[in-house]
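There are two complexes below, and they share chain A, which is joined by chain B in the first and by chain C in the second.
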Partner chain A sequence: MKFRIFPREFRDKCFTASCMFSVCLMVFILVVVLFPMMARGLKAVFFQGTNEFREMQLVVFGHGDAERIQRENGEIEEARAFVYEAANRFRRGIDTEHLADEVRGAYRDYGSYLRAAGISGERYSAQRARAKDLRDALLDAFESRDKEYVQSRLQCVLQSRADPDFGGTPIEAYFETAESYSRIAASVDLSRREQYAEAFGEVREALHKLFGPGPGEPAPALTMDQYGATRWDAVERELHRLLWSEDWVETEPGRPMVKETRARREFFAGTELEPVFDYVETNLEKLFQPRFTFYWRYFMDGSTDGHYFGGCGPEILGTLALTFFSMLFAIPLGIISAAFLVECTGDNIAVRVIRTCINTLAGVPSIVFGLFGMAFFVLFLFPVIGEFGHGTLGIFSAEAADKLTKPNILAASLTLGLLVLPVIIRASEEAIRAVPINYKEAALALGAGQFRSFMTVILPAAAPGIFTGIILSLSRAAGETAPILFTGAIAFGPVPDSILEPTRALSYGSYDIAVGDRLAMLVPHKQYGMVMTLVALVLTLNIIAIWIRSRSSRKLRGL
Partner chain B sequence: MTEYQSQELSLDGADASFLRRPARAVENAARDTTAESGEAGSVIRSKDFTLFYGKTIGVKDITMDIYARTVTAIIGPSGCGKSTFLRSINRMNDLIPNIRTEGFLTVNGQNVYDKRVNLVNLRQQVGMVFQKPNPFAKSIYDNVAYGPRLQGVHSRSELDSIVEECLHSAFLWDEVKDDLRKSALALSGGQQQRLCIARALATQPRALLMDEPCSALDPIATARIEELIAQLRNRYTIVIVTHNMQQAARVSEHTAFFCLGELIEYDLTSRFFTNPSNKQTEDYITGRFG
Partner chain C sequence: MKKLLSAGIVVLLISLVFVVAAPREGTLLLEGSTTVGPISDAFAEAFQKMYPKVSITVNKTGSGNGAAALVDGRCDIAMMSRFMKDKEYKTAVTGAKPFLPVAHAIAMDGVCVIVYPSNPVKALTREQVRGIYTGKIKNWKDLGGPSQAIVPISRDTSSGTYETFEGLVMNGEKMAANVEYVNSNPQAHSRVKSTTGAIGYVGLGFLDSSVKALEIDKIMPTRSSIAKGVYPISRPLFLFTNGYPELGTLVHEFCTFYLTEEGQEIIEAKGFVPVTAY
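== the complex of A and B ==
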């Protein structure tokens, strides 16, 4: 007896264990996939925002306390002045091209100075010739790599300092330049000037990324270049680029190149730039004034080009519109089709073929629907309708007819609707079929016709099942990218004012950032933020639908 | 009005009221007059009525008259065609594909299988109560008001009075009068069945068909339904299918015995149970059957 019970118990235990295992697996996967994604997405809304962020918000979107930002900007400019001054000094030493230009300028100025002072004739030519000699000596010094020669040429220039002819004239600039260059030439390895210039370019780029355009620089054309690091994570990323240089170097011939990371502080040791690195690293707080930011406007703001700044407001609106219109199309059609399949037909070959087709359609990849939507709605049906409505009937304006020939919300919604239609039909058919025949009989016996009995008795009884289908398809319609890719989604553009305009969408937006090569790396928060918003949106819609479903099924159970 | 009256009385006349859609008010007036005239006769007549489910026979050559304002019980073993016959009367069998009928089945003198029959009117005149209580998932009020609303009654006060009257008739009023808005599904099985009866009464039928109305109920609920039937017998023509011979004996005036799709015996209940003329009937009622 005993050994007969054993296998049954064993089987039961195995069954329970496997059930628990699969449930745990599901939960685990959910946690592993959803949690990090949501966590990253939340960074779009909760983060340490720098004053660059606040300024950008003020200028681009018009939110924020202008006075306070002004005040903080004053403090920050003071703090940054040190960096810019040091960089300027360094540039003067390294960028001899620039120095030469200055010297030539001073020479020209001297000419006009002399004329203005009323000096002419011999004296004019003599003084200009002397200035020219000095200028050439300086230019020689700038050209040369030889320290001795440089110093001797500079001494040559500095000897003329006491010359009363030059006192108080533009030539004085020569002596300052010569002095500072002599100092620089003493401390710096002149032969590395090109390397310095190249590295300095990188430093300046990093500074630009951190602080935005420096004082006196013209405002860049792209909005994304007009501001420095707006978020603390960007600050840290760019700080790394400022402090460390990465080079691919060949260690041995024939071996793959190796990435070598070097501290720029060492590279620039002994130059004017050296203290900048320590200064920036230790004064980050002062330089950026980071503050914890709850950027709730993320869900309302539009975005600048390239998704670089701003939020996903238009995307949310677009996704809601697409979902709404696709459901508006798919739900009634789905329920009517299901009612037809259950109520109005027997079980003949045609119905079975239709049912098989519907089941197959439910499994067709969404890109197929996208291509179909483009080929059918955008390229064929809508232009024909537009032409007919405008040309033949005259009820559409030329503008509307033109919009009909391009991707628009209507086409995208219809495509999404087609995508989810099979799901709704299937679920509704099952639900309607599952309504006990009792209900229908009761209604018919009271004298209700087929339509009345369906509307008043069968449909309410099938509602929970139909809602299940709606919940499934709602998430799908809101989240699909492929069907709207060619039929009505755009990455940028104004909030549409009619359903004949294309729209942004959360799914398409995050896709666009992901394929926009460099962008996804620079603004991951933006992409994950959209994904998080999408998940939250779908969740909210589902919760509403589930609430309605539970209400209707509670009503059915008489509670 | 006189026209309708004459129609009511001419049992074999070619046109009965369910061929058209008479206004409810007119119909009521016609009903009342008939009630006063104390008409007695057969409301439902079946002559050589045969029904096929595809190729198999459901009921065969049924010839019987069911009399107005009496209770007629149909008994017989399972699968003998009791339900089939009952559902033929208001054409509930139409839900089943491939059925075919022969012979005549008339209600108020009108052949119900006539092509011109308006099913809605027919079913409003011949109500039905099913084996399993099947109230809609609506409030008690809406359940009872369902039929009248279909007939186009929308006035609040009129519906109120119909609901109250029907619930009174079904002995349910006192139990539910305080929460008419409650879901019908919250009622007990017996209450639900009485609600179904009230719902059927609300369409003001002439006849009420009951298919084993007590088989899903406990003895106390059964007793209440029987009591209800006893009350309704004076006003409605009732046909009740039952498995329970005691019940048939208690509630009915006439009893029909079906076996294998055929009508074996049909007689006054008093005679049927005490002095059956057929051997099969005797075997069945004494429990010696099959």
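== the complex of A and C ==
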């Protein structure tokens, strides 16, 4: 007896264990995959925003307290002035071409100044000749790498400082230039000028990434380059790039190279730039005024190109519109087809074939629907309708007829509707079939017709089951990319104002960020943010649908 | 029943409002290459700033689909990272609505061969790269590097970048079975960034400090070498239109925007090389 029970018990336990294992696996996958994704996505909404972020929001999207931002910017500009001044002074030592241009310009100005002052003849030539000597001395100093020679040439210039002939003339600027350059030449190793110039280029780039374009710099063409680091994590990343330089150096031929990280502070030691690094590092908070930001407008704002700034408002709207119109098409059609299959036909070969077709349709890959939608709706049906409506009937405008020939929301929702139709039909069919036959019999006995008994008795009773199908297909319609790829989804464009225009969508937007641009590598939080939004949206739609279902089923039970 | 009816009427009204809403002035639909797409995105943004009433939509589905869409009349401008094939030209010329596609080369792009930054190899010839991708060269040791297996990474065969690489480097030879295929430039970049023995190819805009670009045939991929077309794996990026656009139209302005200073700045900021070396 005992021997017979044991294997049975063992089998049962195995079965229970494997069930538990698969449930645990599901939960584990949810936690491991979905949770980090959602957590990263939330970073698009909750983060430490800097003043750059607030300014960008104000300028690009028109949100925020303008006065407060202006006040903040005043403080921040003051704090940043030190950095820019030091960088400028350093640059004068490196970028001598720029200095030489200035000096030449001052010389030319001096000529016109003399003429304007009414000096001519010999005195004019003599004074110009002396100015020319000074100019050439300065130019020599800029060109040379020899410290002593530079200083001697600069001294030549500075000796003429007391000369009353030059007081108040454009030449006066020479003395200031000579003095500052003499200071620079004392601190900068002139023979390393090229190295400095290269390293300074990197520093300037890092400063641009941190602070945005400096004062007096022209605004860059792209919005993304017009602002500095808008988030605290970006600030920290760029700060690292400012403070440390990374190089790959060869140790011996044929071996992998080794990464060498060096502090820029040491590289620029002794120069005007040296204090900048400490200054930025210690005053980081003052330079950015980071504040915890709840960017709820992420769900409403549009975005700049490549989704670099802004949110996913148009995408959410588009996804909702696509889902709404596809459901509008699929739900009535699905229920009617199911009703026909259950109520109006028997079980003959034709019905069986139809049922098999529907089942097969449910398993067809979504890209097939996308291609079908493009070929049938966009290329064939809509142009014909547009032509007929515009040319023959005259009820459409030429513009509407033209829009019908291009991808649009209507075509995309119809394609999505076709995609989910089989699911709805199957679910509705099962639900209607599950309604006890005596419900219908009772209705018929009371004198109701077939239509009336279906609408008032069977349909309400089947509603919960039908809703299950709708919930499933709703999520699918909201999340599909392939069917809308060719029929109505776009990567960039305005918010549509009719269903005859294409729209952005969350699913296609996530794909676009992932494959399109190098920007995706710079703003991963936007990518995760969009995925998070899509998951959250589908969840919300589901919760609403489940709520409606539970209400309808409660009504049915007479509660 | 009444509820259902009223709900139906409300829904109908909503859709009617959507349909009847006023039309906008000037629309432009672009379709095609994922490489050219970002430029068009930025151009579109600049246009929207200039003309708030104009609406420009960009869809990135690949060069091939761009050509097909232009032929079908599904878009106004096709973005392509390669020239139209003879076959595509033929369908355009002999189709239901025959027209002659016109190319506008708006920017240059270089396909840069990249390796992990610790790799001491600095330069390769095209034959060597071909050798790697056909499986003849399997170890970095043979190229003057450390003894390490080469992990070749390629773009998927439907991308324009692949076609450029195949045409200019592979000379019609087939890639070996050990080549790994990835779907996009960012993916190729991140795969090389994280694999010490990897070699891959991406557009110029994807170069940064986490990967190292190699000299090909002794020429480094830089803005000037690509603009001049000296760099051996350079390619122009195109916009294709239905005939030459009528002067003064939106299409015409869009297709010539790359000639303006702003257009060139945008192209450069997006990591490509303007054709007009300003």
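The rule we apply is simple: the second predicted complex is superposed on the first by the 516 of 559 C-alpha atoms of A that agree within 3 Å, B and C clash if a C-alpha of one lies under 4 Å from a C-alpha of the other, contacts with A are read in each partner's own complex, and residues count from 1 in each chain.
Just so we're on the same page, contacts are C-beta pairs under 8 Å (C-beta built on N, C-alpha and C of every residue); 3 or more make two chains touch, one makes a residue touch a chain.
On a predicted model such as this, the values are computed, not experimentally measured, just so you know.
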Superposition on chain A - do chain B and chain C clash or fit: fit
A:P256 touches, of chain B and chain C: first, second, both or neither? second
Chain B versus chain C as contact partner of A:A489, first or second or both or neither: second
Touched partner set for A:A221, first chain B, second chain C, both or neither: second
More chain A residues in contact [chain B versus chain C]: C
Three-chain overlay, vertex chain A: chain B-chain C angle, C-alpha, nearest 10 degrees: 100
Partner chain in contact with A:F277 - chain B first, chain C second, else both or neither: neither
First (chain B), second (chain C), both or neither touched by A:F166: neither
First, second, both or neither for A:G449, with chain B first and chain C second: first
First, second, both or neither for A:F377, with chain B first and chain C second: neither
First (chain B), second (chain C), both or neither touched by A:P436: first
Superposition-derived minimum Cα distance between chain C and chain B (Å): 13
Chain B/chain C common contact set on chain A: 456
Chain A to chain C touching residues, read off their complex: 220-223, 225, 246, 248, 250, 253-259, 304-306, 325, 328, 374, 378-379, 397, 399-400, 405-407, 455-456, 485-486, 489-494, 497-502, 512, 514-521
Of chain A, residues touching chain B in the complex: 346, 436-449, 452, 456-457, 460-461, 555-559
Interfacial residue positions of chain C with respect to chain A in the complex: 1, 11, 15, 18-24, 27, 29, 34, 37-38, 40-42, 44-46, 48, 55-61, 65, 72-75, 117-120, 141, 144-146, 148, 183-187, 189-190, 196, 205-206, 209, 212, 262, 265-266, 269-271
Chain B - residues contacting chain A, complex: 90, 92, 95, 97, 119-121, 123-124, 127-128, 130, 132, 134-138, 146-147, 150-151, 183-186, 196, 199-200, 203
